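Once you've had a glance at the structure underneath, I'll fire off some questions.
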Amino acid sequence: MVMMNEDPATLIPELALLAGAVLAVLVGAWTPRRRQGRVRVLALVAVGVGLIGTITAATKPPSTTFDTYVLDTTTHAVRAIVLVSVALILWWSRDAVAAHPRESEFTALVLLGGLGAVLMAGAADLLLLFAAFLLASVPLYALAGWAKSGATTEAALKYYLSGAFAGVTMLAGTTLLYGAAGTTGYDTLPEGLATGAAGPAAVGLVAVLAGLAFKAGAVPAHFWVPDVTDGTPPPVAAVLTTIPKIGALAAMWRLLLDVPEDIVPWPLLIAVIAAVSMSLGNLAAFSQSSVLRLLAYSTVSQVGYVLIIIAVGARTPEAQPALLFYLAAYALTNIGAFAAVAAHPARTVDEFRGLGRRRPLLAIALVVSLLGLVGTPPTAVFVGKLTAFTAAFDGGMAWLAVLAAVNTVASLFYYLRWIAPLFRDESPEPADESSESRTARHGAVTAATLSLVLGVAAGLILPLFAAS
Amino acid sequence: MLSIVVFLPAVVALALAALPDTSTPRRYTVPWVVTGLVQLVLVAVMWLQLPPSGYGFVEQVAWIPSAGISYHLGVDGLSLPLVAMTVVVFTAAAIYSLREHQRPKSYVLLFLALQTVSVGVFVALDLILFFLFFDLSIVFMYFVIAGWGQGSRARSAALTFFLYTFLGSLALLLGFILIYLAATPHTFDIPALAAQNPLTAGGPVAGAALLAIGMGLAVKTPLVPFHTWLPPAHTEAPAAGSAVLAGVLLKMGTYGFVRIAMPLLPASWRQFAGVVVVLGVVSVIYGALVALAQTDLKRMIAYTSVNHMGYVLLGVGAAGLVAETDAQARQLATTGAVTQMVSHGLITGALFLLAGALHERGRTYDMGAYGGLAARTPRFAGLFAVAAFASLGLPGFSGFIAEFQIFTGALGATPVATAIAVVGILLTAGLFLVALSRMLLGGLRYPDAPGTPRPFPDLRARELAAIVPLLLLATLIGLVPRTLLDTIDPASRVLNELVAR
Amino acid sequence: MITLALFVVLAATAIVAGALVFRVDSMARATFLLLLSFLAVAGLVLMTGLQYLGVVIVLMMVIEMVVMAVFMIMYMMNPAGLMTMTMFHNTRGAVAIAATVFVALAAGALVVDWPVRGGVPAPDLTMALGESLMSGQMLTMMTLGVTLFATIVGSVVLATGRGRYDRLGDDLGAAESDDRDRGGVGR
Amino acid sequence: MDVLLVALLLVPLIGGVTLVVVRPPRAAVPVGLAVAAATVGLAVVAALQRPHIGLPLFDGVAAGFAVDELSAVMVVLVAVALLAVLAFAAGEPALGSGRFVGLMLVFAGAMLATVTATTLPPLLAAWEVMGAVSWALIAHHTSDPEAARGARTAFLTTRTADLGLYLAAGALLAGGVPTLAIDALPLVAGGWRDLAVAGIVVAALGKSAQLPFSFWLSGAMHGPSPVSALLHSATMVAAGAYLLLRTTAGLQATGWAAPLVAWVGVSTALLLGLVALAQDDLKQLLAASTSAQIGFMVLAAGVGAVPAGVLQTVAHAATKSLLFLVAGAWLVRVGSRRLDDLRGAARRHPVLGAAFTVGSVTLAGVPPTGLWVSKDAVLAGAMATGPSLYAVGLAAGLVSAGYAAKALWFVWHPSPNPVEDMAVAPAGERVQAVVAVALAVAAAAAGLLALGPAVFRPDPAPSGLELLVSGAVAVVGIGVTWRVAGRLPEPALLLSWLRLERLAVVLLVRPTRQLAAALARGDDALHHRVVLGTGRDAVRVAALIDRHVERGLDRGVDGVAAGARALGRTARRPQTGQLHQYYAQAAVGFGVLAALAVLLIGVS
Amino acid sequence: MNLQAYLVVAAALVSVGLFGALTQQSIVMLMMGLELLLNGVILGAAAFWYFLAPAGTEGQVLIVIVVTAMAIEMAAGFAVTTAIYRAKRIDMTDDAAELRG
């Protein structure tokens, strides 16, 4: 009866992340402080193994493993995106964390957070989803407070308390959904809901979505985003605003597609969240002078755009490639923007004056990332937004596409408010070269380049994401 | 073939980038000139082999098939003349810049990149591809102005230029997406969209698309009141940059009208043609009047660009007033508008290069600082007078061919607007004559050249080689217009049929 | 009848104890009231036949509350209830929200047409649970296991004042760990 | 045939452009004369052969050229005038440059194209090129600011009128003449015909320095005299009248245009005659008299007396170019153009003086000179239309005798204080004498043409009585003026050409420049106020147009901007930093969403 | 005993917990509120299992998860509290409000 009915080999990417994290902790415990770089190498090897495992797995037909975990295009795509994101951030954060007493732990926590995000995306059971949610949260609470300064601990506290509240809500929602459907597996959810009670199902679904919205940073669970982004070092902020989002949005997608629209009318709910997220994010970013807060609000609005795709997910086949592509594009672009911030000591828009002359490549990378977030061709987010608009239009939510378009135009203003000083004359006081980070600069350039490559190569990538 | 023409400068730029840095300008400028000449030969070959109807030299490669985006190039009678003009203006700029000493390597690389995207805009048959080239032109031009600007405010002018035109381009993109969404299957392919005509019925969606696209193009064109980026950008830009900016980049806006707005949104174009006409006429008069009051030569020329682009709008707007006018009139108006784009590129390019030559000698654009140059520098005076008369639309030059057709074609459709616009050629005549009298006639007067007391040489061979061909071409078009019109006419006939659908 | 009485007593205990958690002026008392509430709920769970889980809850909560008490003593104000606490904010709004939630949930519970009971409990519930954990929900349990690992790592990161490099030197080569209190995990 | 016409047009054009570009230091005059002579030959052959040609120009519009009965006269006239003027100018070394000779040739080419054009585009093209070349010719002495100003005024005024031709072209097309053929004017439909005719009339009046455009001719007198001889007497100013003569059918067809043209013509003849009478400057006098004499041609066009008009054109061309050339020669020698300073010039240069006298007598319309015949032919036509036109025309004739006599009186009466003439190369002087004599003969004998080919034969022919009356008027006019010439009043109004230029400046030029300056200021302000993100920019433009609109719009845009900012603030207000408020807000948010979900279920 | 009774009790616990989470200034007290909320969830899960789907084991697993989650969250919470106390001598959420806007 108790049989290993599944093959652990199907979980190579996840196991690689786990092994990387465990090894990071173990090896780190016996590594001199200044030589913790080997831990990062180890982690990158683990990510590499995971990527190979992902590519191998992606060639196989979709399947379910361990009864509760789906291996399909979505999972593979999220694995790849998360792995690449983790690798990128680990690489460019080198200058920021190297020789830090807790450098090994940083690596381990990032890997664990990534593992949680991947598991969320693949989970096909509410219970596993919640477990993965916890795994995606707890390491990141620690990561938020990793630097242990006043601001970061406050950020960690807010992140933790928001997360705990969201987690509790999500558990309550899971319970309600379980009550309504009598089951927690996605495969049995539709029939369970068909005979169950719709009201508790709807409330339960909203509560579960609350947890996922917290991870994704969507309104109204977005409050932690600006404060935490502002309070933590840019590499950490990059992790927090990128990796869990990917897992949460994919998880939302997977869950909602198994909830029949006619029992719980979730598309409209998601549309409302999408509309409010993008509008509120943009409006709040308008007169921000802190670049980190500005980026934070911009991530809120970006989630809004992704939610558009999810809202019409069940209505058009274009939605899946659109979603996955957008996630990939967003991850690269957002990481690029944060890397650019990390590369430079400036934290307000004005402090970026004259960067274009001093560090032209960095400035260009930043511009590419920001214009990428706007959605300018040929960056990846443009294709993402285009597919999102198309999906919304074809899915009968044209109003959402229009609102998104208006928001896109509005967003240009605050991004330009940041871009403009880059090319103005320098501020009088000389820049402090020592506080600049070379790896972050390289990371910014790399991420920006990748986002361009992804945009240009969208023709090759999109069909891959379209496979079921 | 077309890809070679488009990307030749980019390839040369990459090759030059690999060269070690040196301060010898010729190492970079000579290959640039050669590139331009090779491109010219290729364009000439294409001109001879252009099919009588439809697109020639089409290249289409799937790019993002699921989003209906492809790498699609092609030329027809609307675009080939502009391609030719672009290459000519760039080559003239290259010759003019042969001795550019200030960071010659990056200068040439930027211009080569700009050359690629400028040609690219005119041959792109995919909206996204068009947009890419369109946007990149803004980026490269920004660096040209910011890096080689002549004034102290160059960077801020460049930034104004960038922000303004970039905002415009975003509007453009939204318009494109609207059209894309309206089409089934969704596509960004211009010929496919023109054939499909997804927004046949007009309506609010088509109107919004036209508004967005119109805004985007109007900023680049520029039309009053979206023109405010233009004068500072021109004042600060280096001569070759101004020539390219006015000669080539402005055409991207007007070309967008004939390539995209008119054939893809015919119903709305017809509906709002009156607005287009009014905008055109306002630009004509406003541009001419403001130019009239300028004392700075470059600003004056810049404002005449606003005026000249207004005629184009008048022409294409009148072509949209299908009900009020017959086929021949629309034909004249459209062909005139396209001719005006070519003509303005050549003439204004020459004017800006002349202004640059003047600045090199006197270090100021203030017209009041010069006088009686006809006696001191007859070659400069002669060429400047020729360019000025060409610009004010004197018969015998290309401008007349363009403007006469526009007026004649447009009068039937919008008599009042046309009658007002005709006053524009009087105003330009006035302002150019005032400028000519001020600078060329009267007592001799000029600022000291920097460093040395008072040498004020006439145009040198390099400058002549850059400017004379431009004016010669403008004259040739003016005297023997059929070579050009035979190419444009069939294409504008097709265009008018598309608009009249 | 006994069942009903038991239910009422346990339910009342759970709710009242829970409510009193926020009414008493001592954290220590609050902690024990919370424990009481948990124990009552454990009792209610036991009433549904889930002996194993009921016991688990009891054990877990006792330990947790003890830990919590330790934390009280470590940092919190007024651990022994010697001073009165004023630790509320936004009471009015919270009352409104909580009351609304209660009304909505309770109304839902009463109004909703719940589905009929499907199937009967397995004869050995603990066995069934174990089987489930080892088969269908195995990955969930593995994930929770990893989460516990992450919690340990994370808690150490956050809570430790002095890391290994403080104690053993940057090269971890110190002969003896530099602890303020002797007896730490050294070498 | 075609080649002949093409050659006729291109020979002077190409020759001229080549001279301008190459600027041979010494060969300019000989080459110019050779080209002019060749042009005369070509013109004569063309006048006999009557070639025509149509070159494709625009879509459905050809560039048509033809030498018909009317233009045959003009091509020969233009070619001969060119040759004569160039030959005469060869006597002045200052005018021997490639630029001057070349431009003269280009001008002649343009004039030839104007008179032979059969469709509007080439007509307009050549017409405008004439204007531009005249600018360059008037401003030939580049260091003379007065010349520059005069050139500008001339070009801008004529171009203002030229706008009429642009409109006429559009009107022709809109009125159903896709070929833009000029002779199709009467066929144009509806109101478009009125517009087309109006455009042509305005353009012609402007070019011909008729009222109210006459003043530009005054400024143009700052140019070299040979320029005046060619442009401002024989050719360019006559082009307007010629165009009207070509389009009399169209003028008649509208009903209003013909009388209007006739009255403008006759008024110009009278008023500008008076202006001429009041001038104290020989060139100004001649210029005003040109306007007046061309008024007779315009009158002819208005009353449909085409042959009379042609006759007047030819006779006037010979007369006036003679007078301008001789006057120019004297001006160079004396160094002044004031009549007072020119006293006795005829006495010191007897050959030129004799020629000048013949010319003046012709100008006065004394029998049996050319202008006597032609003017009477015109007046006969006017009589056929109405006696009032005739009466005013006759008065104009009287005035013309007056100004001719005034000029004559001054050049014959010796100055109280003797003047020293500047020396001129003897070779040049001989050529000038020959040319002057030839022109004098032509002027005097032009009347004979009325007996020649049909194109000159007036219809209705003037009656004997009319001839007699006008002859008598001329003689009386001369006689009276001769007595008072030295002390004729010179009222400021007339001296300043009816203050027309001032009027144009005050009414048109100055407001335009003020508007331009205001707009430019506004536009500059626009740059400084570029505020990203508010779109306020666009609003500032409106400010220049309408203050009220601006305020409204400004409020609107400011409102939008402020609204956006306020919304932004509102959007950030929830971000208090207080966690418990985040909790409450999130709880409420998800509560609302849950309620919405339940509600939606209820609805569906 | 029926489902509704259990659920009303669970709802009461949830509401009380929510009230605590919303009102408590002290971080530990706030966490207690969340615990109490989960307390209600446990009861609800047990009730759902018993009254609706006793055949499966998901309800039981859910309770296991809730209990585990409580432990994990408590551990994480205490760690965060310790960290912020070390860094800023703060144990009240109201004092941790430097990041805002």
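As written, the chain order gives the labels A, B, C, D and E, with residue 1 at the start of each chain.
Please note the rule applied: contacts are C-beta pairs under 8 Å (C-beta built on N, C-alpha and C of every residue); 3 or more make two chains touch, one makes a residue touch a chain.
Only a predicted model underlies this, so the values are computations on that prediction, with no experimental measurement involved.
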Sorted by label, the chains bordering both subunit B and subunit E are A, D
With chain centres defined as mean CA positions, report which chain is farthest from subunit A. D
Pair of chains whose C-beta contact count is the highest in the structure: C-E
Need the most distant chain from subunit C, centre defined as the mean of C-alpha atoms. D
Let me have the rounded angstrom distance from the C-alpha centre of subunit C over to the C-alpha centre of subunit D, please. 101
Distance from the CA centroid of subunit B to that of subunit C, rounded to the nearest Å? 72
In whole angstrom, how far does the Cα centroid of subunit A sit from the Cα centroid of subunit E? 26
Distance in whole angstrom between the CA centres of subunit D and subunit E is 96
For subunit A, residues contacting two or more additional chains: 127, 131, 134, 138, 141-142, 145, 148, 156-158, 161, 165, 179, 182, 199, 203, 226-227, 416, 420
Where subunit E touches two or more other chains at once, the residues are 14, 17-18, 21-25, 30, 47, 52-53, 56, 58, 61, 65, 72, 76, 79-81, 83, 86, 93-94, 96-101
In subunit B, the residues touching two or more other chains are 163
A full list of chain pairs that touch reads A-B, A-C, A-D, A-E, B-D, C-D, C-E, D-E
Partner subunit D, residues of subunit C touching it in the complex: 89-90, 93-94, 97, 100-101, 104
Contacting residues of subunit D [partner subunit A, same complex]: 532-533, 564-565, 567-572, 574-575, 577, 579, 582-583, 585-586, 588-590, 593-594, 596-598, 600-601, 604
Parts of subunit D lying in touch with subunit C, wherever the complex brings them together: 578, 580-581, 584, 587-588, 591, 594-595
Which part of subunit A faces subunit E closely enough to touch in the complex? 127, 130-131, 134, 138, 141-142, 145, 148-158, 160-161, 164-165, 167-168, 171-172, 174-176, 178-179, 182-185, 226-228, 230-231, 288, 293
Which part of subunit E faces subunit D closely enough to touch in the complex? 18, 21-25, 30, 93-94, 96-101
